[in-house]
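Below is one structure, written out as structure tokens; the observations come after it.
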Amino acid sequence: MASKAIAVVAGVGPGTGASVARKFAAAYPVVLLARNPDNYESLVEEINKSGGKAIGISADVSSPESLKAAFEKVEQEYKGAPIAAAIFNASGRFVRKPLLDMAVEDFEAGYHVSVKGAFLFSQHTLPGLLKHAEDKDAKYPPTLIFTGATASVKANALMSGFASAKFALRALSTSIAKEFAPKGVHVAHAIIDGVIDIPRTKDWLKDMPAEAKIGADDIADAYWHLSTQSKRCFTNEIDIRPMLEKW
Amino acid sequence: MASKAIAVVAGVGPGTGASVARKFAAAYPVVLLARNPDNYESLVEEINKSGGKAIGISADVSSPESLKAAFEKVEQEYKGAPIAAAIFNASGRFVRKPLLDMAVEDFEAGYHVSVKGAFLFSQHTLPGLLKHAEDKDAKYPPTLIFTGATASVKANALMSGFASAKFALRALSTSIAKEFAPKGVHVAHAIIDGVIDIPRTKDWLKDMPAEAKIGADDIADAYWHLSTQSKRCFTNEIDIRPMLEKW
Amino acid sequence: MASKAIAVVAGVGPGTGASVARKFAAAYPVVLLARNPDNYESLVEEINKSGGKAIGISADVSSPESLKAAFEKVEQEYKGAPIAAAIFNASGRFVRKPLLDMAVEDFEAGYHVSVKGAFLFSQHTLPGLLKHAEDKDAKYPPTLIFTGATASVKANALMSGFASAKFALRALSTSIAKEFAPKGVHVAHAIIDGVIDIPRTKDWLKDMPAEAKIGADDIADAYWHLSTQSKRCFTNEIDIRPMLEKW
Amino acid sequence: MASKAIAVVAGVGPGTGASVARKFAAAYPVVLLARNPDNYESLVEEINKSGGKAIGISADVSSPESLKAAFEKVEQEYKGAPIAAAIFNASGRFVRKPLLDMAVEDFEAGYHVSVKGAFLFSQHTLPGLLKHAEDKDAKYPPTLIFTGATASVKANALMSGFASAKFALRALSTSIAKEFAPKGVHVAHAIIDGVIDIPRTKDWLKDMPAEAKIGADDIADAYWHLSTQSKRCFTNEIDIRPMLEKW
């Protein structure tokens, strides 16, 4: 009998990652990855108390060694488990600076997490996703989702590092989607075009109605829907914006 | 008390339109529009027998008069009803011809249905959609969905009329989305990139597995999901393709 | 011996069309098409006086009959002449209106000229362009250029008709480019993203420096450059904006 | 009096870079950067013999230190010279591999040269470009050009590293274009969509006519044209393909 399939979420914080984790935890044991344990500890406890199953692992997705160690822990915990869903929600430091004031480190901040990190995360999760694709009894095809941003399709001034990283992530997502779709893995990219309503942004757009921000739980619903699409209906890209967003 | 909201589907045939109609009929009384009554009669009967409510109206979406008459019938049947969902699934005659062999009528076949028809359909449904947007008790924001195709984003040789119509429809969808989102109407465009598995295409890709075609019911599921998104999470465009599609 | 190749410019007015006409008149006898003879008469005179050769023909590009008659006059004047360059610079009436206030005529104003007109113009000029492609002594491959706008790639609110027409034109251009490139015809689309500095716009952006507007002569230079590209270097799309444009 | 403006070309080899260098050397003293002196030595000699002025500097564009040293040499040679044109033509190692077989080094090969290298090159050339923008007597606005590829807009399977780097480069180019256009610097990105006819590709497409490949000199002509556009007509992106390319 196949091991029970798990879901892995990278980039868990008090926003989208947490919402996504809760949503997928209703269906699968979940692995939550974040650099800082503060970002997942209470959530892991919450999920485990409410009948789900979660473990948190501290990991830096931009570090091959750190991510390797993290997935060794996953293997210890869920030996040989297929992966039903892998969500890459990590994002590099957002740097908004004139090009001539930007240190190489500023410029590369986006790349290391959003691109190299997404590449490494994909390499670690695709074997488990492929395994799930071979499970004839699986309810849904395995799904790998990448969180993008407005900057995935729009490169504004002062955003050279962030936008180039997000454009790159989008390309990576498409390339993986094309390679692995014939093997049964559904890969999707989400262009999150707007401010997400999370603790860090609570003072943004303060004078605007709630519909000026994106709901983190709503993103989780959209990701869940993607993960339930059949092999005869893969959506490889969605955009998401709040009702009041200008675009 | 508000009248019960309805759903309107234009372009009902034995494929996507029928699947969409069935899906939305589970939640709303539905109005089915098609040029030929043969395309909706048995479906209307099926829906009404199975506990839903459906009416079919013969209409040519490319004709202002025909569409006006059709919506007068809708008004007779569902007086003042808000519209929870309007799905434009009609598509002009597909013409694949060298440019120099193409009659004006060939070239315009796509435009009249896909562009002018979509414009007229939008004008007739937006008042009802706006009415639904004002209903505080509505479960979901009203949604207007347009069915696009590969040719919505890719203009190949010999496809000048079809592709220009589908590009135009995509622009129309975006323009309406931007105008009406602040008023609470969710507008979405779906790029259907592949062969849909319907009676007309049963001999296409015959030697390929089922995953080489898009499931019409799966499209309906995706549209339904779009129609359930909250005001804090509008997806304005999705692509859809089967697992085995090359893209 | 081959007849001397000509250039044909549709949509000649006191702006881009005139600049393009002057530019190409330096190399080829030119045919200028405009609905209103006022738009080409003085220009025809100017070109003929300054050593070039020009004829003006009154034509409505959106009318098959009118365009047919116009090209019969071209044939009378330049019997069997190959076409070295054909520039479609006509544009439908710009209508900016809420969707629900837009008459069908408003919506279709863009389509008739920009899409149907471009289709008809292409059908009339491609035989001459193909003829030029077969001329081994031709200095440059024949070139067909379409003038687009910001709205060719961006569909804003209140611009449903204009944007859908410009999206459609872009698709048409690409489809023709793909069909005719193997036959030696170079087809290009120009996204003119900004206000062109012409008499009609002289009061726009008045407080801004000259670099806030696009120079009509500069567009003509860009089109000329496109028309001189070799068969080993076809550019199928350019964007053009002034230095001070926000994009 | 202003120092004579120079042009800087990064990524000089026996193909596009050499053609570009020759073209710009007809107007400006040129600086040629390449990792391997073999790639520029004979070209430097050729240009200097034929009446131009060229220096070659060995540099690894992906290394901040190496590029810093290179531009110190430029400063020694052409003290305080404004830069009329800077062309970034370097490209990372092309790696085509299944994602799961790709080493981090393979994946990053594209990034280091095409993205980080382009960022560093921009930081080193923009001060000189800005200086040229202030020269009232300059014939043309200063121009910074980046060489892209099919993969700049199309991310195929097995191309995750290359495509993500090229997408990123495109975003970088746009971001810089938007930041520096108001300051008078013209930034352009070229999508080179096809095989360039260079010594390394001489056996590719052997059975096809010459029009199946892009001419390196033709690319240089297109770049030169970009560099001559006025402040009232900046083209920020062009595509380039040979007549016989499928796209």
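Going in written order, the chains are labelled A, B, C and D, and every chain counts its residues from 1.
Basically, a residue touches a chain if its C-beta (ideal position, glycine included) is under 8 Å from a C-beta of that chain, and two chains touch if they have at least 3 such contacts.
None of these values were measured; they are calculated from a predicted model.
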Furthest chain, CA centroid comparison against subunit B: D
Inter-chain centre distance, subunit B versus subunit D - centres from mean C-alpha coordinates, in Å: 46
Subunit A-subunit B separation of Cα centroids, rounded to whole Å: 31
Euclidean distance of C-alpha centroids - subunit A vs subunit D, Å: 34
For subunit D, residues that touch 2 or more chains besides their own: 178
Chain pairs that touch, as defined at the top of this document: A-B, A-D, B-C, C-D
Subunit C contact footprint on subunit B (complex, rising order): 64, 98-100, 102, 104, 107-108, 111, 115-116, 119-120, 122-123, 126-127, 151, 155-161, 163-176, 178-180
Complex contacts: residues of subunit A adjacent to subunit B: 141, 178, 181-182, 184, 186, 197, 210-211, 213-215, 218-219, 221-222, 225, 229-245, 247
